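Following this line, the structures themselves.
Here subunit A shows up in two complexes: once beside subunit B, once beside subunit C.
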Partner chain A sequence: MVKSRPPRVVLSKVGLDGHDRGVKIVARALRDAGMEVIYTGLWQTPERVIRAVADEDADVLGISILSGAHMTLVPILIDLLRQEGLGDVLFLVGGIIPEEDIPKLHEMGVSHVFIPGVSLDNIVTFIREHLPART
Partner chain B sequence: MSESASPFEELHARIKAKDRRALARLVSRLENGELVDEVRSLCPPHDSMRTLVVGMTGSPGAGKSSLTAGLIGHLRQQKKTVAILATDPASPFTGGALLGERVRMDYDPADVGVFMRSFSSRGATGGLSESTADVLRAVEAFGFDVVLMETVGSGQDQLAIRDLVDVLVLVLTPAGGDDIQWEKAGQMEAADLIALNKADLPGTDFAIAGLRAIFELSPQVAPAIVKTIATKGQGLAELWREIELVGGRGSHHPRFGPARRLLSAAQRELRRLFEKEESSNPVVADLIERFARGSQDEHPLARDLLKELSRVEPVDPSTTHHGNG
Partner chain C sequence: MASRTSTDAQERFEREFAEAPVRPTITFDSISGEKTKGLYTWDDADPGDPDEKLGFPGQFPFTRGVHANLYRGKLWTMRQFAGFGTAEDTNQRYQFLFSKGQRDLSVAFDLPTLMGLDSDDHRSIGEVGRLGVAVDTVDDMERIFQGIDLNQVSTSMTINAPAAIVLAYYLVAAERQGVPWKNVRGTCQNDILKEFHAQNEFVFPPQESVRLVVDTIEFCAQHVPKFNPVSISGYHIREAGASAIEELAFTLADGFEYVEQSLARGLAVDDFAPRLSFFFIAHNDFFEEIAKYRAARRIWARRLRDRYGAKNEASMKLRFHAQTSGAALQAQQPQVNLMRVAYQAMAAVLGGCQSLHTNSMDETLALPSEHAVTLALRTQQVLAYETGVANTVDPLGGSYFIEALTDRMEQAAEEIFEHIDELGGVMKAIETGYFRRVIADSAYRYQREVDRKERIIVGVNDFVDNQVPPVDLLKIDIETERMQVARLKDRKAKRDQAKVKECLSRISDVAKSKENLMPTLIEAARAQVSVGEVVIALAGAFGRYAGVPGG
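Take a look at the complex of A and B:
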């Protein structure tokens, strides 16, 4: 009998960005929604994040960026995900992202961008509805 | 891969070819209760493998993760490959978990000689998750030189790890309580080695004297005590030397006897059956309902539950594979 697996979510802060209150609140909300949250901590390089996604066999990658470096870091992360054969991982970005960048991030391959003011329920629901199917 | 290969044969071939993604995938499937029989029949048991399996246990905050992280660097300098299996607690209320072990693990992401995986205890209470023994077999089949296993880190009698490791390191701190804590039964008796971490705190020498005094009065072989300061990398080389010594001569603590290990296996099987039947079996549902009403002693109900669970098919035939057994 196959048990339903709790979604595994890697949450990370990439680059020179020391603000982690937001990502910790999201981590708590996902945990309380029954997910397994792997938090990597601050100041991660894209390579480290992708390594965590691969070894942890995560379904979801959530990146919190409040430094303004999203247009630089997100394409690197997307490239690495694809190189590692992790293109099916649900990729979410949260943080202070200017409105005009959001469509560009979607185009790069980000599934959703959560900006300040979004409800935690909203994030939980989005993940549940968009979890990649795994065999 | 050809379509005729079973999912496990395909994964097993990739694992033997050192495909890390395949290992990551297999670990997930074992955690979900899949491919368990296949791993048990195809991956050799620990006693026939050359991997040194080291357990790290102790209270939350004692420094298990930091010491583990320090040992990774030390082992990689010696060109030893290492897998880290770290367990954090799951919420008994929601099933969710926050797995924070990676925060302290600082290794080169390009280094394929390191594999780190975080586990939720998923409701198991022995300090590890139910699937750990099977995961360990898969990881050993991959061919790591060393496996470092970390427990949830709560409590004094969470010794599930003792059965799975060659060397058990108990991590204590000078601030970990007075010597009455140390007199209590459980982890102190099971440890092969003690790492007294945070050894720059006041009270370190007093703590060591206290520990030595306890073991002098005890018939058991005294474990070596190594002073460490994980955050500064101090004592790691000595800790590893002691670990290898125990690994070489064998632990003075025999694994729990066959009776107890069989009971643990039965408990795992019971939990597996219960989870399988919980939502679909009307007899089980009725027992839960009667228990919820609270008017009855629970033990007869529990016995009825056991009867019902042993009546149903113990192994789902669709997940059993008798190819190469």
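Take a look at the complex of A and C:
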């Protein structure tokens, strides 16, 4: 059996939102859990985020949005992922997301939405259990 | 020296506690991770020289408050931060708040405005009017205050990187109402240093950014004497994860930096220091917060008198606005947030705040609805009129615990000031990433404590309840963005273009000189130059700042 490499996760802040407390905590927790984390920093355009996912050959993309712009930005990201043939990447969203938007985000192709109050262990476990199979 | 009776009391405490059935995981450390004793006695509260340490309310070192008569004569200002959508939407919310008993205003701007971008910039997509009101030109500013007499209200504006531009808009809006600048009251947040530490809404490099701040300090000292040009803010530092002590120390260190740079400009300390104001959080740990405000006042007073040679007592008085903690609110069982906010607000009042914003229960989910914001304001009204806490100034002064905690906070802050000095001062410490590193470490420590259930958060890691009635949320009309963009395009098409060009080239020249930028920015405001256009001109001279690597 080939020893698999650790999960590779791109975390990013898209748009103008500067709230980065959560994403930095998650980045550290995932690293502590043995994952390879690439945090892109603030103010990324959707194009740059998808570029990072492709360049890093990431298994997981986590987007943090606390500005309320998720319904505008997420569809753009999903379209770009699919265009780049990265549709199997596990796509996670975290932040201030009203409950009624969550099913809509799932429909668009988001695997999971983490709202405030989620434990770091839950995030780690979710990623481990839902990692896309590597081909 | 410990007295026999208090030693005996400590022993009894320990003995009884050893037999108590406490939860095995829970911590008694303060939220900031500070060791807290279960019992405080007179042995813990070193009286020192009472005049130098406590004084009396309204007297140096103002530990007990900046006014001799705190709230009996004048309650704190109940100032709810609000803004969303277009200027008209925001104006309507202000009228609503007035109808519920609020008297003064606090403007929330949307992210593009905060970042110095116009609504029609491609980077603004999805964000126009969403987190606050969209302001592109002075016309928007005028519309926000339609029917609101700027002679009568004081206005606080939460804006930082483009603060000088927005302040210019506000002054021109006042001018259009016929209100002389000497009557204009209010506050601009305009604290760029904490943007580099925590809030991340910076545009220009640190030194150029501080120059803009000093320009506004100088201009207001000369022309807008009742306006606070800066609100030196710990709020965002704390929200980003810092401890109470770090919030206290970083905020005051930033304050010292503004004072030193203003002195270096050649201003006299007593000409500008009385108008420096502060903004702290009101977090969950009740006594720690009260001690933080008291320590802040003492540190500031001593530093201004002893190091900066202030003679006017007004320069030594640390006046502050408080806002309850957004990050302490929970998305689970949002109604429970009402209780959190009420306790936090009480800490701010017992700590002697000058104005207060109480968060709405639904803010972990969206911008507040009218219902939620009414309850938030009512929380302050109950506090002011029903609880009696406002009747006596500094009612906790002399409490063994509070005084010991105040001393501890002061001492810990002084240690941090020394460390910052060793790093070469605030500006150097920013470059090394010091502030960001400390804040991220504290944020992680806290989250881990919650995950391990060392700290219980009701409804989150204990007392979980899935049968909670939903709350109605405010929705931002998606039409807002389209409308605002169309309006801006129209405005840009119908201006005196030669005048606009002339203003922008003048801004660029002045930015490269040592001249104060405010008069030029005011001229540009009158000529309908947009926020984004001014920022591009300034960035041409100043450069843009990308943050420290590893952010």
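Please note the rule applied: the second predicted complex is superposed on the first by the 134 of 135 C-alpha atoms of A that agree within 3 Å, B and C clash if a C-alpha of one lies under 4 Å from a C-alpha of the other, contacts with A are read in each partner's own complex, and residues count from 1 in each chain.
The rule is simple: contacts are C-beta pairs under 8 Å (C-beta built on N, C-alpha and C of every residue); 3 or more make two chains touch, one makes a residue touch a chain.
Here the structure is a predicted model, which means the values were calculated and not measured.
**Q** After superposition on the shared chain, which partner residues are touched by A:51: those of subunit B (first), subunit C (second), both, or neither?
**A** A:51: touches subunit B, not subunit C.
**Q** Name the contact category of A:6: first (subunit B only), second (subunit C only), both, or neither.
**A** Only subunit B; A:6 stays clear of subunit C.
**Q** Looking at A:85 after the superposition, I want to know if it touches subunit B, subunit C, both of them or none. Which is it: first, second, both, neither?
**A** first
**Q** If we overlay the two complexes on their shared chain A, which of subunit B and subunit C does A:28 touch? Say first, second, both or neither.
**A** both
**Q** Please work out whether A:106 is in contact with subunit B alone, subunit C alone, both, or neither, and reply first, second, both or neither.
**A** Neither partner.
**Q** Which partner chains sit in contact with A:41 here, subunit B, subunit C, both or neither? Use first/second/both/neither.
**A** both
**Q** Jot down the residues of subunit A that show up as touching in both complexes, subunit B in one and subunit C in the other.
**A** Comparing the two interfaces on subunit A, one with subunit B and one with subunit C, the shared residues are 28, 39, 41, 45.
**Q** Given the complex with subunit A, which residues does subunit B contribute to the contact?
**A** Subunit B reaches subunit A through residues 7, 20-21, 24-25, 27-28, 31-34, 90-91, 94-100, 102-104, 109-110, 115-118, 120, 122, 272, 275-276, 316, 319.
**Q** Taking the touch rule as given, give the residues of subunit A at its contact with subunit C in the complex, in rising order.
**A** 15-21, 24-25, 28-29, 39, 41-43, 45, 67-69, 71-73, 96, 98-99, 115-117, 119-121
**Q** For the complex, which residues does subunit C have touching subunit A?
**A** 111-112, 114-115, 117, 123-127, 130-131, 199-201, 239-241, 327, 330-332, 364-367, 440, 443-444, 447-448, 450-451, 457, 459-461, 470, 473, 476, 547, 551
**Q** For the complex, give me every residue of subunit A touching subunit B.
**A** Per the touch definition, subunit A meets subunit B at residues 1-6, 8, 27-28, 30-41, 45, 47-48, 50-52, 54-57, 84-85, 134-135.
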